[in-house]
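The structures come next, written out as structure tokens.
Two complexes come next, and they have one chain in common, subunit A, joined by subunit B in the first and subunit C in the second.
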Partner chain A sequence: MTTKIKNNKKTKVSKIIMMICLSIVAVIQIFPLIWLLDFSLASSNELFTTGLLIIPKKIQWGNYVKAFVDGNFLLYLKNSLLINGLSLVLVICISIITAFATTRMIWKLKTAVKTFLLLGMMIPIHATLLPNYIIYDRVGLTDTIWALLIPYVAFSLPQGLFLTSGFMEAIPKELEEAALIDGCGVYRIILIIIAPLMKSSVATVAIMTYLNNWNEFMMASTYLRSKTWKTLPFSVLEFTGQYSSDYAVQFAVMALTALPAIIIYIILNKHITKGVAMGAVKG
Partner chain B sequence: MKKKLLSALIMVMLSISLVACGGNQMNSDSDSTQSQTDNENASEEIITIHVFTGLADRKTGTGLIEEILFEQYMKENPNIKIEVEALDGETYKTKFKAYATSSEMPDLLGVWGQPAFINEIIDAGLLAELNPEDYKDYGFVKGALDGFSKDGKLYGLPRSTDIMGFYYNKAIFEENGWEVPKTYNELIELAGKIREAGLIPVSMDGADKWPLAIYLNDLIAKIDGDNGDKISQSIANGDFSDPTYKKAAELLRKSVEAGLFQNGFETTDYATAFNLFANGQAAMYYMGNWEMSIATNPDVLPEIRENIGVFAMPEVEGGKGKVTDIAAWNGVGYSISANSPVKEEAIKLLNYMMKPENLSKLTWQNGVGMSAQDYSGYLTGDETVPQKIFTNILMEATSITGTPINDLGTSAFKTVCEDLCQELAIGAITPEEFIQKLEEATK
Partner chain C sequence: MKKLYSNKWIILSLVIPGIITFVFAILTPILLSLYYSLTDFAGIGKANFIGFENYKNLIKDKVFWVSLRNSLFLALGFIFIQHPIAIITAAILDKLQGKAEGFFRTIYFIPNVISVAIIAYLWKFIYNPNFGLLNNILKLFGYTNEINWLGKGMAIWSVIIVLIWHGFGWGMLIYYAGIKNINPILYEVAAIDGADAKTTFLKITLPLMKPVIQVNVTLAIIAALKQMETVYLLTNGGPGNETQFLANYLYKQAFNSFKYGYGNAISVVFIIICLASTIILNKIFSEKEYA
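Take a look at the complex of A and B:
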């Protein structure tokens, strides 16, 4: 009896401690977002007063108006969504197919091919910047959507393959054997049996690809010249002066840029932890 | 249920891939029509000039002035179409390198008329030669074209004259009975007094490092007076044994030891340093004349912006230089690409922009800086105090330093030199080590 009460107490205390720890972590995680919102509503001059958060004298909705009008926000948002959406779909499709080919199918060079593809993770973006530009220039791809789509897919693919193939090894082979006996072909096995089981790892790959590419600026600024395909990070640039910048409006742009990322994260959140954990063990 | 979900998924995938293909087709279509129209335009003589500029903000400052001039030019010349691509700072330089390797170098380029930047691209044959005869009546100040010339040939035109000085808050100075220092020692003494009053003496942008390098260069000018191209020679020979350099390094260190700059200045970036002064937390601010618009900046409190004065780096005791030997140079400007298909038209546009009544006048009237041309014809007497004082400083100058020390070598030297200036300032290295490492950097 007494031990039970003790145990109850213990669990209660540990629960409270856990809650405190978790709320501290939550505050640390959420604070930058609050900070971003707060600064985006102040005037540029107020940003440099002391204190963590500012209470703006007048809430500057004008920052957001400026971000929308002067920052070409809608055009850049459309481009960002299109380019990211396409690269997302491509990365997911290709990584599932490749994962299947390198983990399930039996052929001579399968490990070599897989290792070769995974090597891509080690290549830093900066090293490929100029060589890629020269190739694009020769082929005439600069300033087209392909100039961004190709490297975005290429740089996200190794990570996607790593996660999906790790996850795929955890799926029992018997399922496929059963499917084969029932008369499924390879394509139907991937589409009907494997793909639905891969939901959480697909969500993980989706979030990672999306977050990597959403804020990418280095390649975009090098490969694009006209407004046609410029992505959201260019919007921040429109308010960068030669020496100092219009920080308040930049905060507004960043708040708007972060919004889709947050929404997507909330939607896919349930699956991401599962995907990483399961993919990691067998990877 | 699962089937439905799956078919929905496939539908989405299919439609997206369709859109992708469609988008691509449209894209290539518009591409081909564009090249078609380009060809047609060539016969109709509509010419597109591609401008690449380092001024990303097109709504204020010099970026806005560029936009105004481009608009005007297109109105006056309906057959010209100007396409602007703007990036800032480091991204600009990265893209510039990319362009240098490609076949599509823009026609009109923003450049820095400093060896660290321009020498490499002149040597690569990327810049078109300009005819100095064209600019005889443009009123460029003496020496302004030097940074943009190499081996007697002209490759670009400067946009601005940059002068470094101390902005100070006159109201704070008057309240406390402080006076503008006449000598460097007085400046150091003043730092102590200002600290006692609980204020920051000089707000310094130490995180970007180049203001420290210019500060050092300013001191060299005060020690040596007009020293010609001594610094360039030192860099070329890798010899900084001249006592001037060590003295200047010691003086920079001394000012930090005396607390002249705010605590943690080495991590204070441009905007923060500016705002320390603009909020009245600092009594002085060491920065260039491009910030003279602070006097009309609506974001700055009126009691501060209406009380701004300026003075140049004071004389150093025992130095040969006078207060009129100033740190000034013509840094930024424009060049034309040597391989541009519309070179003639691009040069015409450049010449139009640089006409004294265009860029020079607008820059002055908008108070965003000083052009590299004689703008005295546009003085109205209604200028702000910083505008007037900077004009005076320039007119009374007995010598100007030209390109600061950090930009006189290669681009690699620039990085090392600026790092060393910061390390010297925070006391991580001694003045002796500073000289020694500077010599190593030239090798």
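Take a look at the complex of A and C:
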């Protein structure tokens, strides 16, 4: 009896210690963001305090209005959604058909082609910045949506191919044989039989592609000039020059720009957790 | 089936989109880089062929070696600071049941979904000597000297801290998934044998996590080599070239110093280093498994 009580006490103490450890890490991870949110609601004069957080005399919603309007928030959000949506669809479609061709179809070069495409996973994106800048300039793609779509799709494709082809190999061939007897062609087999079975790996590909591209700005700032296709990170990048001394507004634009990604994350929380775990075990 | 599945035209139609994208966006730029790396091209004007001059200069370039050293520091920071905390956090999280588990997991990952653009500027403010969070925290502990976190001698460590902080959730999540895959019966057996938490962690969790740790270490080293965006916005390699990384250096050479040919030589070497490291790391880890 007494040992049981002792044990209970012991597990309780260890549980408290566990909670404290996790909370410390959580505070380190999240406090900078709380600080950001807090400062974004104050006026610039109030920022120079000695305390950690400020209690603003009056909540400055005006910071957010400036951030929303002068940061081109709506335009850049629309561009981000459009460009990421399109690259997602393209990566998924191309991954599936390429995976089908390199795992199911019968031809000599299939392993070579697959290995070749998978090599893309090892190529550092930023090594292509200089030559692509010249290429897009010569071909007239600079400042068009293609200047972002092409590299976004290309650099997400190898991983997409890896994930989908790994999954496709596990699908039994009997299903296709039955469909063939019914007179289905290859394209219909992919569309009607294979694609619906790939849901979970398609979700993983979608999440990895989204996480890779949503926050990308290096290529965007190299290949784009005008506002037309600029994406969400530019709200922040362009703002620092414009409001260089009005710090509170800069805090507001950062908080505002972070918001869509955080909302998407909270909605897709479970899928993202699963996707990252699955996507990581690619090596 | 065989006849239909070996139809050349169908095969071609299926692989052509992927191949075209790859060739246009990845292969052609690399080949073009190779070409420009052998010239003195300045971005505009004529490109003169100068052989391996750029490569010879690169080997003698101190900044090139500083960049590699910084990648090494960053990789060590990931492996010896971020990963141990991540594994321990993941192990504790695994013991925790119910809502708290999901809550903490969500919190840890949030910095990861936020754009590097925001993270870099946020930390610029955190490091700000006048109203920055870090100096204010130090003031709470009675330390009133204002530290210039992004100044000489300090900057590289400040950059590494940001990167460790930003990537923590990702590493943690991968370890967490690995720990979840461990058969719970092993823990029950250990508990019956009277093993305490520490022994269980060292004798069961860690050894079984070996493959996951290997994947994560590989990813960390590659990420350290490829680092660009945070540095570009936080310090742009400065002060001087103290916090320079390869990707940022090649960009700076091409667009700020107009040494486009030289920048491309760095690109080529950069690709070779990344390819070689990936292949070597995979070799090391796969050999160990067979042994």
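Rule of thumb we're sticking to: the second predicted complex is superposed on the first by the 179 of 283 C-alpha atoms of A that agree within 3 Å, B and C clash if a C-alpha of one lies under 4 Å from a C-alpha of the other, contacts with A are read in each partner's own complex, and residues count from 1 in each chain.
What we mean here is this: a residue touches a chain if its C-beta (ideal position, glycine included) is under 8 Å from a C-beta of that chain, and two chains touch if they have at least 3 such contacts.
What you see is a predicted model, and the numbers here were worked out from it, not measured in a lab.
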Exercise. Figure out whether A:L130 sits in contact with subunit B (first) or subunit C (second), or with both, or with neither.
Key: both
Self-check item: Larger contact residue set on subunit A - subunit B or subunit C
Solution: C
Quiz item: Between subunit B (first) and subunit C (second), which, if any, makes contact with A:T142: first, second, both or neither?
Solution: first
Quiz prompt | Which superposed partner A:P172 touches (first subunit B, second subunit C, both, neither) | solution = neither
Quiz item: Once the shared chain is lined up, is A:L22 touching subunit B (first), subunit C (second), both, or neither of them?
Solution: second
Quiz prompt | Touching partner for A:L237 - first (subunit B), second (subunit C), both, neither | solution = both
Quiz item: Between subunit B (first) and subunit C (second), which does A:G183 come into contact with in this model arrangement: first, second, both, or neither?
Solution: neither
Quiz item: After superposition on the shared chain, which partner residues are touched by A:Y247: those of subunit B (first), subunit C (second), both, or neither?
Solution: both
Practice problem: May I ask you to decide whether A:I262 touches subunit B, subunit C, both, or neither, giving the answer as first, second, both or neither? | Solution: second
Quiz item: Taking the contacts subunit A makes with subunit B in one complex and with subunit C in the other, which residues are shared?
Solution: 47-49, 93, 129-130, 134, 217-218, 237, 240, 247
Quiz item: What does subunit B use to touch subunit A in their complex?
Solution: 2, 5-6, 9-10, 13, 16-17, 20, 23-24, 27, 31, 50, 54-63, 83, 85-89, 91, 94-95, 97-98, 101-104, 270-272, 274-276, 278-279, 290-291, 299-300
Quiz prompt | subunit C-touching residues of subunit A, taken from the complex the two chains share | solution = 14, 18-19, 21-22, 25-26, 28-30, 32-33, 35-36, 39, 47-52, 93-95, 97-98, 100-102, 104-107, 113, 116-117, 120, 122-132, 134-135, 150-151, 153-155, 157-158, 161, 176-177, 180, 185-187, 211, 214-215, 217-218, 232-234, 236-237, 240, 247, 250-251, 254, 257-258, 261-262, 264-266, 269, 272-273, 276-277, 280-281, 283
Exercise. Give every residue of subunit C touching subunit A within the complex, in rising order.
Key: 1-2, 4-8, 10-11, 14-15, 17-19, 21-22, 24-26, 28-30, 32-33, 36, 85, 88-89, 92-93, 95-96, 100, 102, 104-118, 121-123, 125-126, 130-131, 133, 136-137, 139-140, 165, 168-170, 173-174, 176-177, 197, 212, 215-216, 218-219, 225-226, 228-229, 232-233, 247, 250-251, 254, 260, 263-264, 267-268, 270-271, 274-275, 278-279, 282
Quiz prompt | Complex interface listing, subunit A residues touching subunit B | solution = 43-45, 47-49, 70, 82, 85-86, 89, 93, 129-130, 133-134, 137, 142, 144-145, 191-192, 195-196, 217-218, 221-222, 225-226, 237-247
